[in-house]
Structure formats: C-alpha cells, structure tokens
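Two complexes, one shared chain (chain A), two partners (chain B, chain C).
On to the complex of A and B.
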C-alpha cells in the first residue's frame, strides 16, 4: 500500500522495500506521449522515435530528441526533455574527458554505464530529483560491432537486441519479441532450405540458436519502422517520426532525411 | 486540469505518483498571471513586445523595464516574476560575455538559448531551490544560417525555437492571432505594429490596470543590434494598437445594434 510518508523522499524505503520516487520517475517518462524503439542488426543500429510538433508556431527544425554524443555515438532521449538535455551534456562531457585522458573514442558500453552510475547517485541522495528520462545509446563499436544500450532513471543499464521505451513501452516490447521470433523462424527456414540442398553432413542441420537479429542495414531500419507502426496502430508520415542509424559502412551517427524515411515507408507498404 | 498535488508539490525534487513535478507546473502559473509578452520572428529580424501592467500611478514612465539586452545582437523579454527574470538576464549576459572572451565571436543563438535553458532547468532539480517563475523570450540575430531566431525558455527548462509566441495573461488568444500571420513575408516593422495591435486588443480596460507598451527589435534596420524601436515606430504602433482596439469595440457595438433591430421587427 502506498503510504504518503514514504513516497516523498528518495532515500527512504517504503515498508515493502520500494523506492516510490523512482517508480514515479518512470511514469514521468511516459507522460509526454512519445515512444522510441531501438533495433540492433548484424552491422547496423537503428533508433526510431515519434515526433510531435506542439503547434504551428514552433519551428520544426528545433524539435528533436536525437543527439550526437560523439561522431560515432548517438542517443535518443524519451521523457522530460529539460532533464534529458542535462544528461546529454553530461554524456558529452564524459565522452570528451575519456578521449582526452585515454587518447581514443569512448566505447559506447562504457559511456552508457558511466551515465547510469551518474543516475544512480540521485537515487541515494535526497537533495536532487532523479531525471525522468530514458536514454537509448547506440553506436557501431570498432571492436565489437553494433551495440544498443538503454539507461533508465533507476541507474540500470542493459544492452539490447531490440528495445522500446516511452508511453507504449509494454506494447513495444511484446511487439518486438513477436517480430523477432517471426524473423528468426523465417531465417531458420531459409537456413534449412540451404542445408537441405547440401548432401554433405557439414553442420548436421544445426539451426542458429543465437538470440540475435541477422539483419542488414535496410532490413534493420524496416524492422524498426514496422515495429513502431504496429505499436502505434497507425501508418505515420515521414514528418511524424525521427529515424537515426549507425552502420559499419558509415559508422557516423546520422539522422535519416524525410526523403529517405519516405522511401522506407513506401517499400514497407508495397511489401504488404 | 485541476489536479491537487497534495504532499507532492512541496519541492522540485519530488515526483507525484503520476510522474509530474508540481512545483515546475506551479511556476508556469506564475507566468500566466503576468502581462502578455509577444515575440515574432520576421524575415529581417526579431521583434519583442511586452504589455507592462502599471501597478502604481506614481511610477515614472518607462522606468519599469521588462526587455533587456543580453549581448549586442540579442535581447531577452521577461514574462512572469521580474526579479527572477533579472537573475536570468544577468546569467545570459555572463554567458554571452564569457563566450566572446573564449571564442572571439558573438554567442550564437542556439548556444545562448541552451545555456539559459540549462540554467533554468538546474533550478528544477533540487529540494533547496525553487524553479524560476519566468518564461523568457530570447530574440537573437546572428551570422549563422539561422539568421534571426526566437526562442522561448519555460520554467521547466524546455526551450524551442518559434516563429511567433506569446506568454502571460492573454497568451491563448494572442497565439490564435499569431497563427494567422505569414511568417515567410512579415517584416520587422509590420511585426512591431502587429504585436501592438494584439496587445491593445487583448488588454482588458475594465479588469486590468493601465499599461505601457514596450517594444524592441534586432533587425536589419537596427544593424542587427538589439534596440528599443525608434520613437516614430513606437508611436505608429501605439496608434495602430489603439485603433485596432477601438475597431474591436465598435464591432461589438454593431452586433448589438443588429440584435436590437431584429428585436424591433
């Protein structure tokens, strides 16, 4: 039961052992109404998020939730935007100091962990509010390949093959799991077809049990766009979403132009 | 949206069970109580205007300022609590001047707006501080691709670039009027006159105290420097404003006459 005396202060546990302020901060991520999806393929990471321009008076070019931390590492924020901007600046500071101290680009896993540790501080200090933001960091790391990490207000950081956050987080996760399962079954069937034509008992018909999405750049972006369409339940136009990618061929984090997004949307609708 | 944040609204470091930070929302209400502040980004510059409600008849004319110069080519108009606003102005001036010292060029609009926004946001995180009760309109005219820019920084620290925006008492109706403008063609002079018209039309003679109009711009005509508009333009704007307000009133009277006529028939 929610006892008002325990809810207010972040350092105080409730009798059930809960930290209510952190739970409330997760609600704050859902409030603005945006949903973000990230997908990691074989050589690509793609982030897609909804874009809502509040009214006609706003200059749409100033509305964005995709940020570049380093030329290679990008981040999509969801939740309270002013809190998000502070975390983006913190990320950039961490990345720049790492580069200065060590002479090479910060690996995205390390960056995500550092930001998560920073968030954790405020779950133990009463004087400062936990940021109501979830951050999706993505990069194509030159040692380990494409990576996708999510950092949340509680200070946890996990790597994902595919993840959704924001208002439709639950629906997003279940949609992504379903789509992943279908995709893997598709790929397993194709593998079987190839090995059926093979007389030699090379692999013994072993199917890929690896839990990842073996998609190229185009497939990864389409997977992400389709997932968001399913989650939102509507077909959106290119000016209602932001899409960003990093690929092995072009490791720089870049946002897709509206024209490129339109091409993907057309391809997807033609597939159906 | 009358939501009482009982117990969760005492500090900016507390979320409500729904995930809202009430102190920040209340700060926004402080802004809604002040006189209307309007900004328009025109083709050749930015114009800022304020409806300064005069609380005391003994006040010396034009001694009460709500628009401040923050650098050569940027100005900040304050909507909400003026003392809070002055803090922001000082901070903005420091940021602009230290940027110039460090980098040798005038601070770009994008950078200055982010710095002010981050400063405002910092005051929304801590138990021992309260948020600024200010929405500030920042007008900048720099040498970047963006040219003339208008930003609004809200008490939450949210900052977006606008074509036109209004905050304060009459902001709802002012925004409706602003949406009708053609931002691709409007000039700074037209913008100044339009702001005056909107402010005079929205000012409620009966309910509100008398007011003074403060207008400033950064535009080609002022050599990209932030200045108060020249006296001739200010007089022209005030005259246009008064006329617009009268036209509004007389329209209402005509409607009454028509209604009377129908009754008599």
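On to the complex of A and C.
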C-alpha cells in the first residue's frame, strides 16, 4: 500500500511493529558528538557533560547545555540544541504552571513524566517530527531525596541510579555498570571489616544489598568525573566539561566553577 | 496546526488495515502482561524488564490505577499507555460527575476502545502501540477483566495474556483456569504463569501486581497495587 514507503518518514508503524522515526531520532542525539553522564549518590545528584566551544571567537561562558528549570531542578540536554531549547521552554512552562496551580514546587518525577508525555505526542501525530534530544533531569526532592530521570524522544521516562547519553552512550552505560559493581563490592568489603565477622545482623550478607550508590557529595562528583574520563579515554581539562550538582545541604541546582572542577580533577589524578 | 487532513491508516487492496496489523505487532514486541478473574477479585501482572541494570526499578510503576476500583496494565509502547491511562482517568471522573456513580469496568473499556479507534481513523495520527488489560469492580457486574486493543476492539476475559509470551501464557492459563477460582488461587496461578515464560528468576522487583479485592475494613472492592512485601509473601508461597 502507499503507506509502506512512508514508515521511515513519519511516525507510523513499520511491518515489524517499529517506529523508524524514533530510532532515527536516537541517532540524531549522537550526531553533535557530546556525551553526558548523570550519577545519583546518597544525598547528591551530579551531571557532567562535554563542552566544545565551536570557535575561538565564541564566548565560552555562553556555551552551556545545563539549564535550570526551577531553582531546585536542573536539566542537561544532549542532541539537537535548538530542539532542546524548545523542550527546556516547555519544561519551565510546566513547572511554573504547576507552582501556580498547586502552590508548591513541582516534584522532579512528575516534571519528567509530563515532558515525556509531551514528547509522546510527536510520536503519534504526523505533523511534527520527534525532537532529537535526550534530557537528564536532576533534583534533590524534599520527600524522596536525590533523583535522576532521563526523558528520550520516544516519550520514555525512567529513574536511574546512573545513566549516560549522547555519542558514547553505550560505552558510558557499561562503564557505569562496571564502576557501580566495583563500588558496591568495595562497600561490602568495608562493611564486613567494620562488623568484624558479626553474623547476627547479616542474614548471609544479603540484607543490605541495595542497588543504590551510597556516596556523599564529593564521592558522587568524583564518580561522575572518573566515569566520563574512562568513557572518553582522555584526561580532560576543566574548560572542556560542565559539571552541575544538587545536594541535600544545598538543594539549589548549581554549576561548578572551573576552579572547583580543577580541584576534583587534581584529587582524582592524585588518587592514581 | 496540522496539515494532515488525510488518514494514515487506510485500506489496502486485500481489505486489510496494515497499520493496525503493525500496531498489534508492536504490542506483541512488548513485555508480557496477564490477568485472571476470580470469583472474589481480579489479578493483573506485568513484567518489569529494565533495558539497563542502572534503571531504578523500584521507582518505575507499570500498574496504573484508573479509579478507586479500576486499574490496568499494558503491553507495548509505555508512552502510549500513559496517554491512554490519562484519558481513562479523565473519563472515569467525568462519568462520576455526570452520573454520581463510579464508572463500570465495561464502560471504561468501551470508552478506551473508542479513543483507540479515533486514532485509527483520524487525520495525521498513527494507532496506539499498546494493549491494555483492565481489571475492575462495579456493582452491576462484579469483578471483571477487559482487554482493549489498538484497533479499538475490547473483550471481557476470564483470563488472558498480552505481549511477547502471550500464546504460551494463554495455553498455560487455559489449563489452570477454573470458574470457581478464589483470588488467592488466581494470584498463585498468575505468578506461576509469569514464572513459566520468564527469563531468569521472578522477584518482587522485576514484576508488578495489581489486584481488585474486597477491602477488609470498608467491605468495598478496590484496586490496589501489591506492595513489594505483600508480593514477596505470595512469591514465597509458590516457591
């Protein structure tokens, strides 16, 4: 039928039940060459992303992919930047209307889901294409603590302990899984040493095996920076990345200054 | 806004609506869900298979409550399911305001079927890529289980499965189902059915269960999502 040729051009189903436009949009996210990593610790969420200033004449302080949606909720975008700006505008609108209608700050989980629902519209209506952006939302929620959500062009929204997106997404995910496993083994070892063989509270050592990363602020940021270093395979300087955090002590989403990033990089290189 | 005044789901020469066939294919690519109706309740289960071990599985809800006594699970594209659930919740509330009575499960299924059908005939849209299993209680018909498809068709089931493993699961259910089942039996059978086709071990974290059951305190039927603790108790029973 006529439609068979269009399943790659607009979001209608292919014979295998796939939506090709959505798959293509994931490729569009990888195109600009940026990679972003998000990590959630005990009381902190950290986002780190690559920063490439396109030209020497460009003012580097104007180049950023970190946006504040509310003072507490931050978002890092990866992919097509013009599409990203439209979604940031929409996120801010959703957050502001929520605040106005309900009288309190929108929880980050709800915001992420609303933006995901907004993305879903473009996967079902032919007149607008799907945005080629993935968004990482982070906040320290006053009810549930630190949270990290990723919204993609398919309209999916998942909460993560750690996530990577962009050009090196797959390498990032496997690196993060590996690092998490190692960190948990490290922490299990430390717990064993502390309790010194006291088996009463252990139940075979399986009680406290949670999937979470029990890291404080400093450890979370270091984890994120180390992950990005491993993924990119190079040591980067503080002007080649952007780092942003939300912590329990200071729930406001803030970008780290170059000086702070330098301190972390120095600490990490001294560890080796 | 939209220049697409023509439908994208159109008939081919043999009379088929290819987009609908394709959308059903999208449903059968999704994670398995199933439901069983018992004498005194309904149970619906869905698999929660994250695409990465980094996903916070505990924060991920795949069982949705539509009204106090109606809930649903889905197979297929999650984003489409969220949209349908949102519409269902609105319809349930609008019905309540209009008739001063909770919406019946069959009416809810009918309305969702109508919404799904809209998207198979309107301009510039594709059909939904998701089937829903709706479990609910209403005074007229008691406990019921309905399935709504992307085609807009809906059925009442005694027991059914949708998604990747639907044919094996349905075979299993046919063998194990009987009309006199109690809710507790139904939950066990449902868990066993999921276990049959599951890749790996079933834990209280990689599945989610919703039940329609009589609340002990109020005596009314309501839809609940089982807590991980309750679910673990049921899993321990069948192991």
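We adopt the following convention: the second predicted complex is superposed on the first by the 252 of 272 C-alpha atoms of A that agree within 3 Å, B and C clash if a C-alpha of one lies under 4 Å from a C-alpha of the other, contacts with A are read in each partner's own complex, and residues count from 1 in each chain.
The definition used in the following text is that contacts are C-beta pairs under 8 Å (C-beta built on N, C-alpha and C of every residue); 3 or more make two chains touch, one makes a residue touch a chain.
Small disclaimer: the values here were computed from a predicted structure and weren't measured.
Taken together in the superposed arrangement on chain A, chain B and chain C fit without clashing.
In the overlay built on the shared chain, the residue A:21 is in contact with chain B alone; chain C does not reach it. Contacts of A:119 after superposition: chain C is touched, whereas chain B is not reached.
Rounded to the nearest 10, the angle at the Cα centre of chain A between the centres of chain B and chain C is 120 degrees. Looking at the shared chain after the overlay, A:52 reaches neither chain B nor chain C.
Looking at the shared chain after the overlay, A:89 reaches chain B, while chain C stays out of its contact range. In the superposition on chain A, A:127 makes contact with both chain B and chain C. Of the two partner chains, neither chain B nor chain C is touched by A:237.
Our summary of the superposed model lists a minimum C-alpha distance of 6 Å between chain B and chain C. Annotation: chain A residues 2, 4, 10, 126-127 touch chain B in one complex and chain C in the other.
Listed in rising order, the residues of chain B touching chain A in the complex are 7-8, 10, 12-21, 41, 114, 117-118, 120-122, 124-128, 151, 156-165, 175, 178-179. Looking at the complex, you find that chain A touches chain B at residues 2, 4, 7-8, 10, 20-21, 24-31, 54-59, 61-63, 80-83, 85-86, 89, 126-130, 132. Of all residues in chain A, only 1-4, 6, 10-19, 109, 113, 116-117, 119-120, 123-127, 147, 154-156, 158-163, 173, 176-177, 180, 211 touch chain C in the complex they form. On the chain C side of its complex with chain A, the touching residues are 1-4, 8-13, 18-19, 21-29, 50, 52-57, 59-60, 77-80, 82-83, 86, 119, 124-129.
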